[in-house]
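Letters are used for the chains, namely A, B, C and D, taken in the order the chains are written, and counting of residues starts over at 1 for each.
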Amino acid sequence: MTAYVLRRLLGLFPVLVAAIILTFAANRFVPGDPITIMLGDQGGNVVLERKLRAEYGLDRPVSVQFVDYVSGLARGDFGLSFRYPGVPVTQVIKDALWISPLLAAAALTLAIPIGIALGVLAALRRNTLADTGIILILVAGLSIPNFALAAFFVWGFALKLGWFPVAGWTTWKHAVLPVVILAIPAAAYLARLARTFMLEVLQQDYVRTARAKGLSERLVVWRHSLRNVLVPILTVCGLIFGGLITGTIVVETIFNIPGLGRIAIESIFARDYPVTMAIVMLFTLFYAVINFAVDVLYGLVDPRIRVEAVR
Amino acid sequence: MNGNVEVVADATGARDFLRRFIRTRSAVLGFILVVLAVATAVLSPWITPNDFSRTNMAFIWEPPGQDFVLGTDAVGRDVLSRLIVGAAVSLVVALSVLSIALVVGTTAGMVAAWKGGWFDAFVMRTADVTLAFPDLIVAILIAAMLGPGIPTVILSLAVVSWPGIARITRSLVLSLRSELFVDAAIVSGTAARTILLRHCLPNIVPALIVRASVGVGFVVMAEATLSFLGLGVQEPLPSWGGMIRDGLPALRSEPHLALAAGTALGLTIIGFNLLGDGLRDLLDPRIRER
Amino acid sequence: MTDALSIEHLTVSFPGPRDRMRVIEDVSLSIGRGEIVGLVGESGSGKSVTALAAMRLLAATAQVDAGVIRLQGRDLAALTKKELLSVRGAEIAMIFQEPMTSLNPLFRAGFQIGETLQAHLGLSRRESIKRAVELMRAVGIPDPEQRVADYPHQLSGGMRQRVMIAMAMACSPKVLIADEPTTALDVTIQAQILALVRRLRDDTAMGVLLITHDLGVVAGMANRVVVMYAGLIMEEAPVNDLFARSLHPYTRLLLKSIPRVGVKTERLHQISGTTPPPSRFPAGCRFHPRCPDATDQCRNHIPALEVLPDGRKVRCWRWRETGLMSMAA
Amino acid sequence: MISRKLARSLVLATTMALGMTAAAQARDLRININADPEMIDPITFSALIAGDVLRNVYENFTKVDENGKVLPALALKWTASADNLNWRIELRPNVKFHTGRPFGAKDVKASFEALLAPGSKAGLQLQYLQRIVGAKDVQDGKTKDLVGVKIVSPLVVEVAFTAPDVLFPIYPFMFFDTQVVADKGPNWFMQTSAGTGPFQFVSWQRGQNVQLKAFKDYYGGAPKIDGLRFVVVPSEETAVTMYEAGELDVLVPASTDLSRRIMRDAKLKAQAQMTPNAQITFLGMNQNLYAPFKDKRVREAFCISIDRDAMTRGLFGGLAQPLYGQITPGIAGYNPSVKKIAYDPERAKKLMADAGFPNGRGLPPLKIANLAPFRNEIAYYADQWKQVLGIQVDLDIQERATFLRSLNAGETPFFSWGWSAGYPDALYYLSQVWHSKSPFNRARYSNPGFDALIDRATITADDATRYRQYHAAEALLLDDWGTCGLFMRTAVTVVKPNVKGVVLSPMRILPYGKVTIN
């Protein structure tokens, strides 16, 4: 298994390096720089701008800045944030580091059971009213953009019914609406796939064998068929988790949650290069970790994979 | 099998496909919605009641009434006209993004599967890197570089969409490669390009059609999110995402803008998704009803 | 003494392009205790539909328009859902053609065998696995103690078919339906599997319905043979009578197309044309388009299935005549 | 289908992750800001949001009341010498810094020296010290001692100038205890508070809030509330809902959309305070970057084809007034009889024809640049120019940093923008936005006559004469159609009924020292 793990980690390295180079270049191509933002619309004082640029080393050629940045990375130093003077990037990200993954994970934990249950239900009642009904709900869940969904939910649940706070991030109640809004499209996407995979599995020979053995329909569906649906669903969970991270960006803006998503957007708009770089690397790491976890889970669920991996 | 039998099979195949298509209610509903959206977009120059960019200070936030069927927005522009032109804008964006993504994705996928080796690794790693970035971050970086606007939206969404298609094409071509008829073609000395285009492509098309129709829904929604963040289509050109963004703050006092744009966006995406689902059920041999 | 399984005038239809199509019509056959009945016919003749109907495993869209299926005298259609579940897999069991895909890839072989025991005999998980090892030994799987923990993809085709058989024999069924059990296996394994089925029949006196398109298999295994074509039974006879003097042109042409060891022929004999799909069954005798002895009567009227004094059955207007084209060497 | 055990663990994990810091600070006044302050360093301070926060922590010689009148703050009296080259400033006694040390004349000198020191990152405030004798030497690092500032007695300081600087006492300085720089280093402002204001800096939770607490020894009397919490709420829609749900005490809308929506909601309107905002808006027409702008008739045509009355009534829902000149009412030096700009489409068409662009034909392509929050305004202007002048002006909505960079570099040919008053005198607008030497003259307008009038005004002590010079300079600018005013927004702030003492002035909300919550 360790050889397999090592191979995966090595595979991650080029992706990480490419991510760093691309973001670094992208940041420099983007017009305007942190100093412009720092001085706001009262900028224009050339002397001060030159002084600040020198202090942050932005006047050096890009290549020098890159080498300096990468050598810093080697020492584990992610540099200082431009937007929050003197504050190391790790400090800026530390508090937010686990808000976004927590939101995404909670949304996924909510979405997987509901998604699969709905998908299997729709498959079992194929082409009946229930199937069409469920499909419509699922597709609606997928089709309403999360910022519109959020606006209606906040207006309904937070303001009119007052069940949940409107925004902010202090008690667990603050997490409910954002997680639900993140979970809906994820559940809908999972349900659609579960339906397709279930339809496929139900056609398989081993399902017919299970029935021929006299097993109850419940066992045939929930033991024999479902297990085989889980395998392809797993691979999708990796993709969905990536999508959820993006979703957190919009949800965090609307619910005023200081997560990684919002910091990512604000740092790009504020040209806070080191913070943007760090967050992009984090996202790349999340993506790799999730895919690796999915592969490991894959091995657990599907013996055909596990046997080969070990050999 | 002699010639005519094959043709006969095709004819019944098409008729059979149509008959089964009609029977899947959701696909029909999806088809109707898509036709509606596309028709609105295509006919937009002729069916827009008045100029979508015409502001009118006397009619700010007019509720839906006779002269403004769906009311007006914050600058007095007619919401209905902007909705219709918005359909054209959204679909143009979606179709251009998909055509780029399909062309790039399919070619990359096919060649990667066929050539294998370093090229395959290169394509797959690039796809990985692109997928590693959340699509919104990529879009924002590109928008910041090129400035908001349609070309930016199309480029950033295409950059985000091609990996998915490349992956599907690659896996399909890999599985096709092990099929006998491909070996037969190779043995008979057919050029790789012809094998890929004449043999592999037709087999991939069903999966691509399904992916494309669902893709349209995704792209229209992504454009809406970009407009929501102010990076999407440039004013005064309308986009549904932008209209929702403008309408949300006034949701409680003048809901007509947000509701109209939200419904239009929702129905169109639902349409494409339903159509995509319906097509997948029918085209994908593995789950066609035995 | 009642038959183990008796099917009387069974007719099953499926939804067609315009209206429903009868896939099999007026099928009757019975299997006595310890008897092996061969059901022979080209693919698409309705053999499998008959088998699945016996197991009440037909797709939801299928409809039994007529006929009764009795398992040891009990009408399967009259059973409640619970009763059917207790019968299926216990008193009547089935094995299939594709061993590669008939076992669930995600569960161990032992577990899949044990499952039947748990479902029908209420054994605990541990007991069922122990019993499964015995069953695997009984079907000739070497060192079953290890094999029980194997996953399907770790077993060969032959081994998997033996697991299927072990699964079917778990509750020593009265009837075993074997739908082309050896078609996907190579010849040496095929012989072992068939010998195994014969030995199990001798030990448990169960009735076996052996479905195949291979007349060679039928010759070696079956007591009686039923020949099906385009959803209808064309001929039924004890195996020796059928091979010695078959009364139906289709049977004769089938027999002629079996390559004989030592007999040199330039070209193997073929029956021209193909089996018509249910949506385009010809009028009259359904074999007439491919029958060298077809007359106008054959082309316009379906012959009835005549039952002869010695119990043989045949569905052909000209079965009494001699010197027919189909009789030529 | 989630098992009970799973649901409970999810709840536990979220609570633990949230770090239960929601100890009831019911006694804090909560105000929304729509982004993190650009910075909280009193030296570099230059932007609006940072100003809203720091104005409660650091103070100046003088301050402003709700109608813009200048009142004594750290200085009690300030008198100019006969030749106007010297200011004698008498400071308020027994004023304490947050650090506990007393405030006196030495701190004024030390603060100025800290601003002028070579390494300092001083921003806007540097510009106000240029005329003090010896300022150049300190800046060039020749000496640490600012000779122009003499400490006459612990509470009296005299400042000598190379040229008269009549507005010196009202320049927005932020005096701080320079001793703290030695103690805590260059980023001291992130850890401690060294001002004299009613509130002390406590903490800055990035992306969440800036927390200030009441300064018990404030000379104007200890504040009656525990502290201030500036809550960062980027989405305005969320800010309103938070206010309605009682999670905010003071709602400060940034966009016109939101202000209008507040006015249309009866409950919010009842709790709203309004005052004209000391912020000019103007059309920036860069003559060097777009040739047609060199022709005065073209500039006039663009200016008079906007219907200011319709716009302020319609687009702003009455929450703005037409602005014709470049000085806002309520600011010293405003000229009530400034020439009105009549909406005259016919004249505009004729002017464009005379200038050689009949119905817009022959005019090279033109775009008007601005930021997303102001897209509605430029959409209206562009449509007016299309209807009246037949010109297709595209909207160039840029991303914030991109827009500011090209604006500061003077590379934006055509834009609409504004300028908020830094101190309560018309000179702030005229000298900083339209004087050819000012870095903030983004349209790069240059008019020697105008510059001369402004240069003389800056050294004219007598208010009446100086105001006449302002009016002459403004008239020169307007007659030349160098630019034209657009509108003057009405600032809106919504305050909960149980909160007293929140005062909205033309120059944003006054420090919250007198606020009570019951």
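Observations on the model:
Convention: contacts are C-beta pairs under 8 Å (C-beta built on N, C-alpha and C of every residue); 3 or more make two chains touch, one makes a residue touch a chain.
What you are looking at is a predicted structure, and each value in this text was computed from that prediction instead of being measured.
Common neighbours of subunit B and subunit D (chains touching each): A. This structure's chain pair with the greatest number of C-beta contacts is A-D. Seen from the Cα centre of subunit C, the chain whose own Cα centre is farthest off is D.
Put simply, the chain closest to the centre of the protein, by Cα centroids, is A. Centre-to-centre separation between subunit C and subunit D, using Cα means, comes to 91 Å. Distance between subunit B and subunit C, defined via averaged C-alpha coordinates, is recorded as 50 Å.
Centre-to-centre separation of subunit A and subunit B, using mean CA positions: 22 Å.
In whole angstrom, the spacing between the mean C-alpha positions of subunit A and subunit D is 39.
Residue positions 237, 399, 401-402 of subunit D are each in touch with at least two other chains. Chain contacts: subunit C has no residue touching two or more partner chains. Across the assembly, subunit B contributes 144, 248, 251-252, 289-290 as residues in contact with two or more other chains. For subunit C in complex with subunit A, the residues that touch the partner chain are 55, 57, 85-90, 93-94, 96, 98, 101-107, 115-116, 119-120, 151, 153-154, 164, 167.
Interface residues of subunit A facing subunit C in the complex, by the touch rule stated above, are 204-206, 208-216, 219, 224, 227-228, 231, 301-304, 307. The touching residues of subunit D, when paired with subunit A in their complex, are 1-2, 6, 10-11, 13-15, 17-18, 20-22, 35-36, 38-39, 41, 44, 46-48, 50, 121-124, 126-127, 186-187, 190, 204-208, 231-235, 237-238, 241-242, 244-245, 247, 399-408, 417, 439-440, 442. Residue ranges of subunit A in contact with subunit D, taken from their complex: 30-33, 36-46, 48-49, 51-52, 55, 83-87, 92, 95-96, 98-99, 102, 106, 109-110, 113-114, 117, 151, 154-155, 158-159, 162, 165-172, 174-175, 253-256, 258, 262-263, 266, 269-271.
By the touch criterion stated above, subunit B contacts subunit A in their complex at residues 23-26, 29, 125-126, 128-129, 131-137, 140-141, 144-145, 217, 221, 224-225, 228-229, 241, 244-245, 248, 251-252, 258, 262, 265-266, 269-270, 273-274, 277, 280-281, 284, 286-287, 289-290.
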